[in-house]
Each structure stands twice: as C-alpha cells, then as structure tokens.
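Below you'll find the structures, each written out as structure tokens.
Two complexes come next, and they have one chain in common, subunit A, joined by subunit B in the first and subunit C in the second.
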Partner chain A sequence: MARKYDAIVIGGGHNGLVHAAYLARAGLDVCVLEARPLVGGATVTEEIFPGFRYSVFSYVVSLMRPDIIRELDLPRHGLAILPLESTLTPLPDGDRLYRDADHHRTWREIARFSIRDAEAYDEYGRSLFYMARAVKYLLGIAPPDPARLGPRDIRGLLGLARHFLDLQPDQLHLLVKLMTMSAADFVDEWFETDVLKATLSASGIIGTFLGPRSPGTAYVLLHHYMGEIDGHFRAWGFAKGGTGAVANAIASAARQAGAEIRTDAPVARALVKNGRVNGVALANGDELHAKVVSSSLDPHRTFLDLVDADDLPADLVNSVRGYRFRGSSGKVNLALDAAPDFTCMPGHGPHLRGAVSISPSIDYLERAYDDARYGDFSREPYLDIVIPSAIDPGMAPPGKHVMSCFVQYAPYELREGTWDQKREAFGDTVVDTLARYVPNIRNIILHRQVVTPLDIERTTGLTQGNIFQGELTPSQLFFLRPAAGYAGYRTPVRGYYQCGSGTHPGGGIMGAPGKLAAGRVLADLGRRGR
Partner chain B sequence: MKEYDAVVVGGGHNALVTAARLACKKWKVLVLERRGVLGGAASTAEIFPGCAVNVAAQDAGLFPASLAADLGLAAHGLEWVHPPALATSLTGGGGAITLWRDPARTRDEIARHSRNDAARFAAWADHLRTMARVLRVALDHPAPALHEMTTRERLRLLRPLIQAGRLGKRTVVELLRVAPLPARDLLDDWFESDALKGMLASTALAGSRHGPSAMAGAFRMLYHATEREPHGFRSSAFVKGGIGALSTALAAAARKHGAEVRTRAEVERILVEEDTATGVALADGEEIAARCVISGADPRRTFFRLVGAPRLGPEFNRQVANIQLCGTTAVLHLLLDGLPPLPDATERLAGHTLVAPTLDYLERAGDDAKYGRASARPHLDMVIPTLHDPTLAPVGRHVASIQIRYAPYHLREGGWQDDGTRDALLASVLTVLDDFLPGMRDRIVDQRLLTPLDLETELGLTGGDECHGQMGLEQMLFMRPIAGWARYATPVEGLFLCGSGCHPGGGVTGGSGRLAAGAILRARKQVARLS
Partner chain C sequence: MLLKTPFHPRTAPLCHSRRWRNWSGYASALTYEPGHEYEYYAVRSAAALFDVSPLRKYEVAGADAAALLDRVVTRSALDCPVGRVLYTPWCDEAGKMIDDGTVQRLSADAFRITSADPCLRWFQDCALGMDATVRDVTTDLAALALQGPTSREILAEVITGADIVALPYFALTEVKIGPAPVTITRTGYTGDLGYEIWMRPEDGVGVWDALTEAGCGYGLAPAGLDALDMVRIEAGLLLKDVDYVSTWTALIESRKSSPYEAGLGWAVQPRPGRDFVGGRALAREADAPSEWGFAGLEVDWPHIEARFAAVRLPPLVAGRASREPVPIYAGKTQVGYVTSSTFSPILKKYIALATIRREFARPGRRVKFELTVEFVRHTVPARVVRTPFFDPARKRE
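And then the complex of A and B:
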C-alpha cells in the first residue's frame, strides 16, 4: 500500500537528515529512507569489534555549521564536540613538529626549525582566518546562475560582487591566490620549514586526487579552515561517541520535528511522470508517494541511477557523466591493546588527544601522489591519525584504544588488480608506515579494519568512494556544482531536489547543502522555514 | 643633455611595440637594448656561422594581424609563413600524427589513430575556438583593477563584459568551468587516442612548470588558441627571415616615427629621485634623462636589479619575490646537413615537431622537474625554420631549434654551469631523438645548448622564465605581475612595465606592449590635465 508524504528524502547521511529536519520543522510530513540499518551514511560510528567503536569513514568534525547546530538544538540531542588539542608531525629521524593551543610552546617548537617561520605563523593564521571568514559568506547562500540571469540570479551575483569588493584589496588578492594556487606554493610564501609546510599543505590534499604542488589545492586547504567549534575558528573536534553521534543527534532532532526515518529501506528509483516526481520505489518494490523528493546521494546516483536519463536534458546528463569523483582515500581503523608509543614523543601526553599527521615533507606527499597518479596506492602514504579513545574513553574498553588512520592516496581505479585483492597489502603498507614512527604498533594491534575506496562505495554508496561526493576543484564548485545551470538544488524534474555534498558548498560534515536545499524546497512550496 | 619623453629599457618585442605606439603619438622615445640584436627572446642571431637562428621563441602565431597592420609592419619587411602542417607529433618507432591546416586532411590523419576522435575533432575545435574568443576579449582589454577604478574606468569595463556576453552567457560559464581544468581532464572528456591527446596537451605545458594533470592546463591551451586557427590548437605562424625579422620590423616602425633604437646599450640602473623615475644609467656610465622610464625587463629584474628593492617597501618586495618564475625550458639548436629520414619530411616537419607521445609520457617528464631534476625523457618541441625560409642557412644545411621541457632552472643537485649537467641533458635529448626520429642524430653537424641559466644570462630572463612569470591562474589578469599593480604603473612615479610579465602574459603576442602604451598615454594625459 502506498503511503503518501509531503516530502521524501533519499539517503540518511548527515545532509539528508539536516534537510529532513528543516522540512519537518516547517511542518511538512517527511520521510527519510536510508539503505543501511543505521543512519549517517559516511558519518557513522560502528562497533566492528566488540567494545571498540570506530568512526568508520569520517573521523573529525569542525565544518558543521554553527547555525544548524543552534537551530536544530543538536547539543540537546546528544551532540558534544571535544576539541582536538594538538597536531603532531613525527619525523623519520625521531624529531617532530608539535603544535597546540599553547601559543608560546608552539612558537618555540617552530622556532627550533626557523625563527622566521615562528614569527610568520601567527600572521599566516590570521590571514587564513580572514579568508575563511570572507568565504564563509558563500556557505550560507544558494549559488546564483550566471547563465540564466533571472532576477534572483542577478541579485545573487550583485550581492557576491558587493561582498567581495568590500574586502580589503590585499584580502581579495589573497583570496584569488587561494582559489588558484597549489597549497605548497601558497604556504611557501610564508614559510621555509619543510615539515611545517608539508603539514599545513596536507589539509589541501585531503579528499582530492591532487598533490600538494598541484594548483587548486590551496582552496581545499581553505575549505578545511572554515571549521568552527563554539566560535573558535579552525578548531577541529571530535564528536563524543564518534561521528555517528553527529548523525544521531540530527536524526533525533528530525524525529522530534515529526520526520519519519526508515532504515533498511534502499530506494531503487524516483518515480517520474510527465516531468514531475511523485514518489519513490523501494528496492523491495514498495512505492511511497510525495510531491517532493530530495536526493542526498551524489550527482551520479541522483541523476543517472535514480531517474531515467530520458527524463533529463542531455546537457545535464553529459555534465554529470563528466563530473569527477576520483576517490583517493581509504581508512585503516585499528583496535589497540595499549596506547601507541611515538618515538618522537614517548609515553602518554596531549599529543594523543590531537591529530597526528604523517607528512614529514612536501616531497613525501608529492611522491605519495605520484604513486596514485600511475594507478597504485602510495607506498608511503600520507596519514591523518586520531586516537578517539584518548579523547572519549567510551570508544574502547578501559585501557585499550582505537586509532583511526585516514590514508591517502588510495586511488579508486587501480592500474593492476582489484581492491579486493589488494586490501590487506594496503593495510600492511599503512601499518609499516606507522611502525616507522610508532615502534610498538605491531605488538598492540588487536584488530584491523581496512576500508578501501571500493569499500566506501559499496557500503555508503558514494560513487568511486569520494568522501566529498565529487572533487572540490574550481570546475566543480559554487554555480558549477554539480553542473552549470543545475546548481540551485532544483533539478529539471519538477519536485525532485538534490541536497547532498555534491551540491554547493560541498563535502565535509557541514550540513550546509542539506539546509540550503531545504530553503529552496520550502520557498518553492511557498512555505517559511522555522 | 637631451631629454626624452620615454626611455624604454630592453628591445624585446613588447618593448618595441610600446616604443612604436608612443612614437606614433609624437613621443620622443629611446629604446636601449643590451645585446647586439633586437628582439630579446624573439630574436634571430648567427649562432652557427652563416646561419640565422631563432634564439628562443620560434613562433609568432599569437601576434595579432591587426596590430601588425596598425604599425604597418608589412612595409618594414614583415612576411608571415603558414606551413601546411601545424604540428607533427612523433609517436615512436617512426610513427607520426600531423595536424594539417586543412581540416579534411587532419580528419583523415586522426582517423588512422581513432575513428571516434576524428569524428569529434571538428566539434572540439569549435568548442575551443568559441571559448578562446571569450578569453581573447579579457586578454585584449586592460585587466580590471578592481579597487581603484574610477567610474569612467568601470564603465569602460562594461565593454568587454558586453562583448563577452554577446558571445553567449553559456559560453562564458563554460569558459569558467573549463579554464581551471587540467589538460588531461579536458582531453579525456573528448578523445581516446593517446597520440592525439599528447599532442594537444603540449600547449598546456608551455609557461608552466606543471605536467598535464595540473589545474589550469586548459587555460593555457585556450591562451594559445585563437579563433583564426582552425583546430583550436596553438595559433602558429612563422616569420620570413626568422622571428627576429618581426622585431626589426617593429623597430623600423618605431624609428619611422622618430624613435631612437640603440643596441649594445646596457641599462644598469633606473634613476629614481624622490620616488620618481628620472632616467637611466648605462653600464658605461652614461646617464640619460627621461620624463618616464618603461621597462620591458621582467618585473623581478626591473624592481630588484634596476630600481633596487630598498626603494619599494617590504610588502611590495614580498610580492615581487613571490612571483612564480618557472624557467623549465632549455633550447637546443642543431645544425643539420639534411633532414631526418621521415616520409614527407619537408611537409610534415615544417610546423612544430613534437615528442609528446602520451599524456603519461608528459606526466613523467614533469615529475622529474617537480623534484628538481631535468627530465630523463623530456618533451620536445622542434621547429626547422629553414624549411620555410632556406635563406636562413647555407645551401644543403638546415637548422633545427628544439625546446626541451622540463629543464628546471633550480636543480636540486649540481647546477647548469656544470658541464656534466649540460651533457646529461644533451644525452637525454639525443636518446629521445633516436627513439622518435631515427636517423636525425646522423644529420647533426653542430649543436648549441642553451640551458635556463643561459637564457637568464644571455637574454636577461630571471629564472630562465621566457614568460616573465608563470602562466597560471594565480598570475593572470589583475594578479599579473602582482596583485594591485596590473595596470603597468609601478610604485615609482613615471616608471612603467611593458613586458610579458604583465597582463595578458607570455608568448610573442605584443599584448602587454600594446596595453602598456595605452596605459602610459592615459596616465600622462591625466598628469597633463592636473598640471
């Protein structure tokens, strides 16, 4: 029997849930359909081994929009974000670069390498702060379409022009550099210490199929700088209970607003009749009806899998076919018998409650990229490590730990073999890399979960395992995300909307696409959000 | 002492364009060139006895016909040559694929490699040319100086906007999407043949130290394409008598309007008093006074060597120091006693002959440069000017000039002054030639290698960068040469830039020279109005 809703949201990832919450708060009868038994998409916490809880895919939070946290009252629904205290970059020779919130200690630490860099460090932080603040404006607006130039588009473009021309000239110019340069060149303008440059530019490669010397990575660096926790810029945090706790809090807020959330309910396709959507068909054959259907899946699945290409204009289909995913990262989650012991900072300490970046030099990262460009995973990969159990003891049994290693590069397309054949070799490479800096690692590993880009795709449905639902390159941002002319969350099928990270402003646990898309839906329905 | 309205530092092609333009307006202009020949990187010199060799630049296809006509260059002996082949890419083992000027012939040629690609090629060319036309609008106008514009200037900005808008809003948006793409992505979207993709990607590499996977390669491809040219590939045209003949024609045009052009006159310093340029001092001690000084040298050389950093302020200096100069090209000149044994050699080798067999080949060549090494298997771009002008060499002889990429100016180990480094690069080039143009090596009678360091010392190109600054999006339009100073004026009153370090950028385009002249005339008019 077909049940009728006002709106159906395909996919229960964090963006789908945010979207649903906003629609429900506006009084719509909303249903979220999630294929897996739990909500969250790539934002999940799972107990893969008894007692050890992994944030399987994602690992840190900071981009989550403060307005969403506030409006959905997420802390009341259980969201608690614990700050990451520090960043440690161990070096192969036993030295290290350690930075934390203690300004003087960080200054001294950088000054060990270069006094000039220590002096420049604050100025750099300030500049990026201003840049991030300038760009954050974009996170709150739906992109105008310069090719359509309707009244809303003209208003949007003029607003944009005004916003950016209001910046100081040197800020505007810095912004242009950030949009176009490579992360390595960008930090090169400030610093001379290789390990500092490498660690800073590493945030420019996360989630991309680009190296630190590839132009375009400076923007990704900025994208990762836009985070904000309790008003503190670029503070990365860890959600108590893992990233799944973020999704659960949003789900709880959505439910409270009246949304229904169904798990184990994979959608087979959207039902389209005469250019209008009227519901969805589930994989089990059930049909659910609604005038509004929003897909939080990536553009490939939204346009090529869920609807018939005949219902879409050819230019959209072509653009989506050319839209680039290129998953480039994997994840290795470790259950540990004891705390890892770093050569460069032995024993326990605040460094275990921060991020550990295996990025000893720009060349190191660049070589890791080279391997991937020729179709193999990096022999010496870049690792971005957190030890959630050190911050939130509930993530592992007492005295034991979980360690999350984000690994790059792991190209979705391998030149030889398949990821199913190479999974364990990939895991070994990561452990070997770790062992160079953490000599006790092999002795304390109880369990190992290796997540390849193929696994990401299979489990979460993210095409090619791209964690951002598509690369964050200038050709796929703002009014070009996911395609020129189709960036305003609407689709050519009436009533069918897109609300995932494949739309503006892109990926990360941010929630902005879900919220902006909800604004679009509600405006089209003539309703006001609450 | 005689006072000039303008002294132009350097006799490169852009400097000569500026000089000619100002002379036309009755300015008293003096051009000072350090070398014995004019043209800078666009000069022709006797590198082998009895041979006229294009020292660095080979191709003047981007020099607009309208500018040549404006300056009456034909009357001063400028004669264009358009050989039937635009480019031939060697695919190894004696194979080759040629882009002919004739579209039908090109289609047949591509069809030998891929029928699909041949079928799509006309649409591709159309696509690129449409976008290039929009880009041209931006390159033909002065760069907007977003913050310091008067209402009048803002209104002037409307013209290119309207012009671009008339070419289609969708095209403008498409250009915004395509320009930042890597050459690889753009080409993968269209074609399947490795040979074709490698050849087309070659123009994305010039002016950059990045390989074909780097962002904005498509921008450089579009920069080299103009609507005149049928394939959306690089606009290509040679000059009878060598590319130096373009420069001498420009000088002749300037002289006709009263400009003085002196060679072997090296400017050592730009004289500045109270933040105002007053003239120049030559290496031999002579001082020349002028109401304004216009530098055709690259920005870093102009500000750090000719003016002197202390005069400019720390923030400005920081920006000048951060200009990405990316000398990655070496040039090998070969004197040959005949053509290499390739079928139809006289026809096929008359354009650019490329070693760019696959995108991965180019990628690996670029990888070496990333780590500060010269490519072990470099990308080559060879021109044999004697094929379109036999008078350039004695009878029976040919000259081939090869641009070698990548040969980074900054090497991690050793230096270009070491013979070992030079020999190693030469050996790499010859090995690659053996593989791609067998028999070529046996034709070599004499050779002369110009490393990036040689380009710096002989032509004054800082960092060996023939574009006076990398052609990346971060150094384009209002960011070129540095942010806030894209209008040819400098912090020193009366000192202007006119070289390709300025908007619109590198290549033998005359663009920066032309736009600089316009800016200088406007600035002077303003001064005259105020005083």
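And then the complex of A and C:
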C-alpha cells in the first residue's frame, strides 16, 4: 500500500530541507525525497580522495538567513560557520592587493595603489551596507505581484512602498543604479585602481553568463554582499566540515521535527489529477501520496519534467522555456600535499585562511567572458579560491590541504566538442592559471577533481549546471522569478509548490526560498508555523 | 614595567596587535592578530595555545598535605585520588569566597594549587600545627593551556611517557615533551577538550616550539585573553573579581559571595566529621538559603536586533565579551545584575552570567536585560538557562 504523507518535498538540497523542517515543525507529516545517496544537492561535502574532503560544489556561506539558523537551532545540529577574513588578489607581476579585517592595514594596502581609493573604500562599504539593508527586507517577504493586485499583493506592495520611501533619496537612487548598471560601471563610480575594481566587480559575475561590463551584474554583486553573519553584512564564512555540514545540520533539524528523509529516491514525476497534485511517482515505480508536493528543483524540472505541460497554462510553459540558466561556471577541487606558496605572499600566513581571487584587471575578466561568449571556456579564467583545510583542519590530513577553485567562465554549451572531451583540458587551464601565481602548485597536487557545468547538471540536476537555479539578473528576480505571475511559490496545479532557488529571493546557501514557500503552504492549509 | 613570562620570546613577535593586558603584573596578550575572532574560533574548531603562566601556583607537601587541602577548600580533597585534579573555591570562616582554582594531587602527600591571586599566607596560616609546608611556586612553573578539539592529537605527537588519549577529564600525568619533563592536566578555562601543561620556566620556549610545530597541521593558533573571555563565558566559568568579588577585596558585606550564591553549590562537599574553613557557615546557608543565586541567561537576539533596527543600526553589541555590570529586571523591579556577557558566535546567541535573586534563578524563568541603544535604555527579554551554554561531548570523552 502506498504510504501517505501530509507533504512531500522533492529534492533534499538545502532549500528542500529547510522547507521540510518548517513544515514538520508546524506538525505536518513530511517526507523529503532525494535522488542521491546523500542530502545537500549542491551543498555537499564528499571525500572524493581518501582523507581529503571537498565541498564539491558550493564552497562558502554568507547568505544563510540568520532567522533560519536561529529558528531551526542549527548550531545545536552541528552548524558552525568559521570566518573568512581576507581577500587576496595576486597580480601577474608578483604584486598583490590584500584586504583583511584590519581596517588600517587594508587602507595602507589600497593606498599603495591610490590614496583616493583607500579613502573611497570606506564610503563604498557604507553605501553597500545601506543597499544590503534595503534589500534585506525583500529577503524576508514573498514577492507581491504588481499586475495582479489581490489583497495580499496590495498589502505587499504597500509594505514595499513604505520600506523604500523610508530610504534616503541618494540611497534610493543608488539602489536603482544597482539594479540596472554593470558591476564595472558601478565600482567605477568610486575607484580608479584596476585590481580593486576587478576584484569587487568579480562578485557581479559569479554564476552569471555575463561579463563585468554587462548591465545587470551590479545586482549580482549586491547579492553577494548582502550575506549577514551575526548582524554584519558582507561577512563570508566557511562551514566547518564543508558546505555539506550545512545541509546535514538542516537535515538533522528537519528529522528532529519529525520529517522523514529518503535518499536514493529519485522522483520521476508528480502525480496530477484534475488540476490537483496527489503525490509523486518514484523512478522505481513506487508511488507516494500527499495533498501537498513541493519541488525544490529548478523551474525547468519543476514545470517541464515533473508535470505534463498539458496541466500548465501556456504562458508559464513559455516563460520557463525562456528562463535563462546558462551555466557559466565550473569547479576544480585539489588535494594538496603541502600549503600553496603564493609568489606575492610566500609561505604560511593568514592569507591562506581567506579568499584568493584571480581577478587582476577588469579587462582580464572581460576577456575571460569573451572566450565564453563564443562557446569556449576561458583561456585565463577568473578563479575564486578558498583553502578550507587552512580554516578547518578536519578537511585534510595534518599538513596537507584541500583547495577549492570556483572557475568562470565555463559555458554549458561548448562551440566544439563536449565537456566529457574537454574536462581535463579545462582542469589543465585552471592549474596553468594557478601556476602563474602559485609556482609550487603542480608539484603538490595529489588529486584533482574537475567539475564542469555538465557534471553539475548530471550530479545535482541543476539545469545547465547553473548554480543559482537560474541567473540572478533583474529580469529573473522578485515577482519575475521564475516567471511573471507565478512567483508566489504556488503553481497552477493545486497543492503543487515550488521552494527552490529558482524562486524569490534566489540562489546561494540562503534557505529563504524554502522558508518563504513553507509559509505559503502553511497559510494555504490554514496552519500556523512555529 | 610589566614582567615577561617565560614564553615572551615567542609570544612577543607573534603579538601583531601589540595589545597586552596586565595580568598579575605580567604582559599578557589580549589578541595576537588585530582581531580576536580567529583565535576564538581556533578554540572551538581547531586548537588554541594560551600562555597562562601568570596564574598563582602553590605546592603543598607533607604527611598532612591532604588534610590541609581538605581543611582549606570546599570540595572534599581527601577523596581526591592521586593523579586527579579538582576545581574548587575556598572560603573564609563566614563561607564567603576568597578565590577559586584547581587542586592537582601529585602524590599521596603532595598537591599543587592554582589561584588567581596570592594566597600563600592564607594557606600557611591554615596549616598551623599540621605537618604540611606550602611553597609559592608561581615563578618556578611556566604554564600553557592547549585547548580545542584537535588539542589531543597535537599532544599525542609531542609527548613521550604516557598515552594522552587515555587521560581522563580532570586527571593529570607526568610526561616529557622533547627533553623537558612536564605535568599535563586535562583541564582548562574554555569548556572544550583541552589540557594545561606545567613546566620549568627554562623549558618553556622548547615546549612552545614543539607544540606550535606539531600544531601546524591541526590549525593551532596562539590565542589571547579576549578570546579566552568569550569561551569561558560560553563554558559558564566564573572570573574572580568580575563574576564574584573576593571576600578579601569586597569593601562591603553585600559584595561578598558564597559558593551557593555563585552557582558553585555543587563544590561544597561536607562529610560527616569534616571540618573545613567556612563549613559551618555554609551548612547554615544550605539550610536557610541566601536570597541571591547565580544564573545563566540567554538574551533574546531578535529583540536586540529589533531595538537597534528601530534606530536603523545593525546590532552593535561588541564582538567581544563585556564585563560591564548590567541590571536585570522582573517587571519594573531590579532583581539582579549581569556580571559578564558576550555574543556567542558558535551558539548564535547573546549569553550572560548573572547574580540574581534566588527565586528568579530557576531555568526557564523569564527576566529582562537592560540594553542601551543610542544612549537610551531599554529592556529586552532574557531567559534563565542551565550553564554551561556550550558543552561539547568531546570535553569529557
């Protein structure tokens, strides 16, 4: 006999787990179905090479909502976020830009390039603080639809108007600029130092098939700045045990609240009858029943794979077909026999505990994009590097290290050949790029895992390997995410909900879509969350 | 000029912050790096090395050594087996606390005591007529605290002469680090897995070097008093003259605290026939409890955030522990005061140690914590919880 639940959550990524935890806390009998043997989705730690633990996909944490951490009491379930305190940008000539928590040292470091920039840096930080605070409000609300104007939409829009009218005029102007400008133009308004501008605007291209000079990237930059740790914006951290530890903590909280989590349980489709969902069919043919089914998968899978297009309005189907995924990034994870030795900062030091950004100039990043525009991976890619073992010794055997290199650009659609053919060439390009700044790198690599956009798609199910379940450009945000008219977590199929990063407020290890969607489900059931 | 501990040749060049505090006349690093955040996380996630040499140290020897300890401290020292360590307060005749520290039983008739402040005269006076000598060995012993989840693995790499894995919580062992004979106690002021290492001053630098070299692969970081102050609050451990005032320095009676009032009632261990200093007063207090008690408080963080957000500020609670006394209310009545507080980054909670009227000290009681935001005083809800706030299983395992 088929087991019956109150709610089934498709996908055990961090959003699916957050969603399930909130539903279970409200008293629902919840089951999470995860295709892989482990939970986490793109938030996993795996020991691919013995003794070395990789955060295979996502690698740093900042956006995770503090209210979720508190309400689910994730620290008690093992979540510990260790600070990433610095950013090092090595330069090809052996110089560098190093910024850390020491305000005066960072000032001096920027002043080596430009005293004006060193002084503008504080003002830039303050401005982004105002922006992050302005946008933070949006992270906590379900997006109202300005075209629909139901009572909930009107209430939401009034709240929005009140919130934004509360901003100082110059802050409101800046916010509009952020939503429309390119990251490079945005940082140009403050700075003249190329390496500083490049490193700051690099946050604007992550996970996005756009260059730093493409309009829309300024918002992506802000998206990476509004992370909040202990009340402070812009703080980035590293989850002890890798990002998989985040998923495991949420899973533990969900289980404690009564949720059942099944792994190795891929879902084939949602069961829809007369416009209403009544369960799911697993790939093995089993059926599970529930009046509520929430998909944490991306919009493509949620609307085009799991249900029949016939059950959906044509405008939604068209919108989802046009929704931009465009995977643009890959990952290279390295097991190292020793610590990497940077030409610009030789030996051990606190810089190994921070981020390293290979972004020497705006032109460098733009050229990297140029390659990708025509279907090649970047010959000299942008790299965002962390060395988790330098922060958390448990990630590698003593004295050895793991290095996580986020690589951009790696277009999902290649001009020639396939990713299966080009995987190792891509890995070589990354190592060659690294070797320009870390001369000892080739000698210390014990193992290399190359993750292409195709690998991301195959392993996690993220369409085209887009890490955010769809680009975070303004045309795909807020009431437009994932499609105009379908942004409120409900779908046209009754009882079928969406709760992944493809909904507002988007990607990153944030958990907000999962929580906001749970609020929607519970409100529809007439239940109160806790 | 502040004195240098035996580790100063190593700690001074590492102290990039140049921030030192006077600890019993010694220069003691507040932080090594410009901020203490990394050092804090080192304690909880890897390992941290603290120079705790300024602690006062005494050695008690003689046929009556055990009897002397049993007379001086509130815990039943006669029951302490050789090779074990006790944490204990000691009191005056009125049952008010003088100081607190650890007592190591080195052999049947030898003990070592640590204290925050000088106590030699007190111990010697208490020994009147007993076959026990008390020596101040403060400058004869250097001390390091190696604390954190990887501390055991680091020690295992450097020590010879014993199996460190087998050393139980609050036990001691005599081993060697390189050529240096050291005592290792599984104790600390962090509430985490950790050890304290006691050695001759001339061996200090060699031991430091051995530990830091072995610790390199285990995330070991030198750590200062700013980080220590946060972790000891998480561990619910008291700091003399902050969380309680010694009966010797309290100018007025109301400032003095008994172990019961300081949350150390568990450490008062009477035995039939046992006569210890303050024992009679404490027995009376056990029958007729004081109106004051001790409580751990969890201050409601969303309320703190909301109070700051109301004036458009992020929650500006200092990133380090505070020793500012803060009033605690029930309704409009003040019912106590917080003595130490900190935001706990690992727990994501604002926590505090408080002296509070006994009827409010029960876990679950709701009180109000005074919070000053933009020069205006408010109150935010707080809840009495059990301490330690942070109590990982590895501490005892």
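Please note the rule applied: the second predicted complex is superposed on the first by the 530 of 530 C-alpha atoms of A that agree within 3 Å, B and C clash if a C-alpha of one lies under 4 Å from a C-alpha of the other, contacts with A are read in each partner's own complex, and residues count from 1 in each chain.
Simple rule for what comes next: a contact is a pair of C-beta atoms (placed from the backbone, for glycine too) under 8 Å apart; a residue touches a chain by one contact, two chains touch by 3 or more.
Not measured: the values here are computed from a predicted model.
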When subunit B and subunit C are modelled together on subunit A, clash or fit: fit
Touched partner set for A:P83, first subunit B, second subunit C, both or neither: second
Partner chain(s) touched by A:P66 [first = subunit B, second = subunit C, both, neither]: second
Which superposed partner A:R458 touches (first subunit B, second subunit C, both, neither): neither
First, second, both or neither for A:L149, with subunit B first and subunit C second: first
Following superposition on chain A: angle at subunit A, subunit B versus subunit C, Cα, nearest 10°: 130
Touching partner for A:H173 - first (subunit B), second (subunit C), both, neither: first
Touched partner set for A:R108, first subunit B, second subunit C, both or neither: neither
Shortest span in Å between Cα atoms of subunit B and of subunit C, once chain A is used as the common reference: 20
Interface residues of subunit A shared between complexes with subunit B and subunit C: none
Partner subunit A, residues of subunit C touching it in the complex: 33-35, 37-38, 41, 44-46, 150, 153, 216-219, 301-302, 305, 308, 312, 314-315, 317, 319, 343, 345-348
Sites on subunit A touched by subunit C in the complex: 66-67, 69-70, 74-75, 80, 82-83, 85, 100-102, 105, 129, 133, 230-233, 240, 348, 350, 353, 390-393, 397-400
Residue ranges of subunit A touching subunit B (in the complex, touch as defined): 146-149, 165, 169-170, 172-173, 176-177, 179-181, 185, 189, 210, 213-216, 322, 324, 363, 366, 370, 373-374, 473-475, 479-480, 484-485
Subunit B - residues contacting subunit A, complex: 146-148, 169-170, 172-174, 176-178, 180-181, 185, 189, 210, 213-216, 315, 318, 322, 324, 360, 363, 367, 370-371, 472-474, 478-479, 483-484
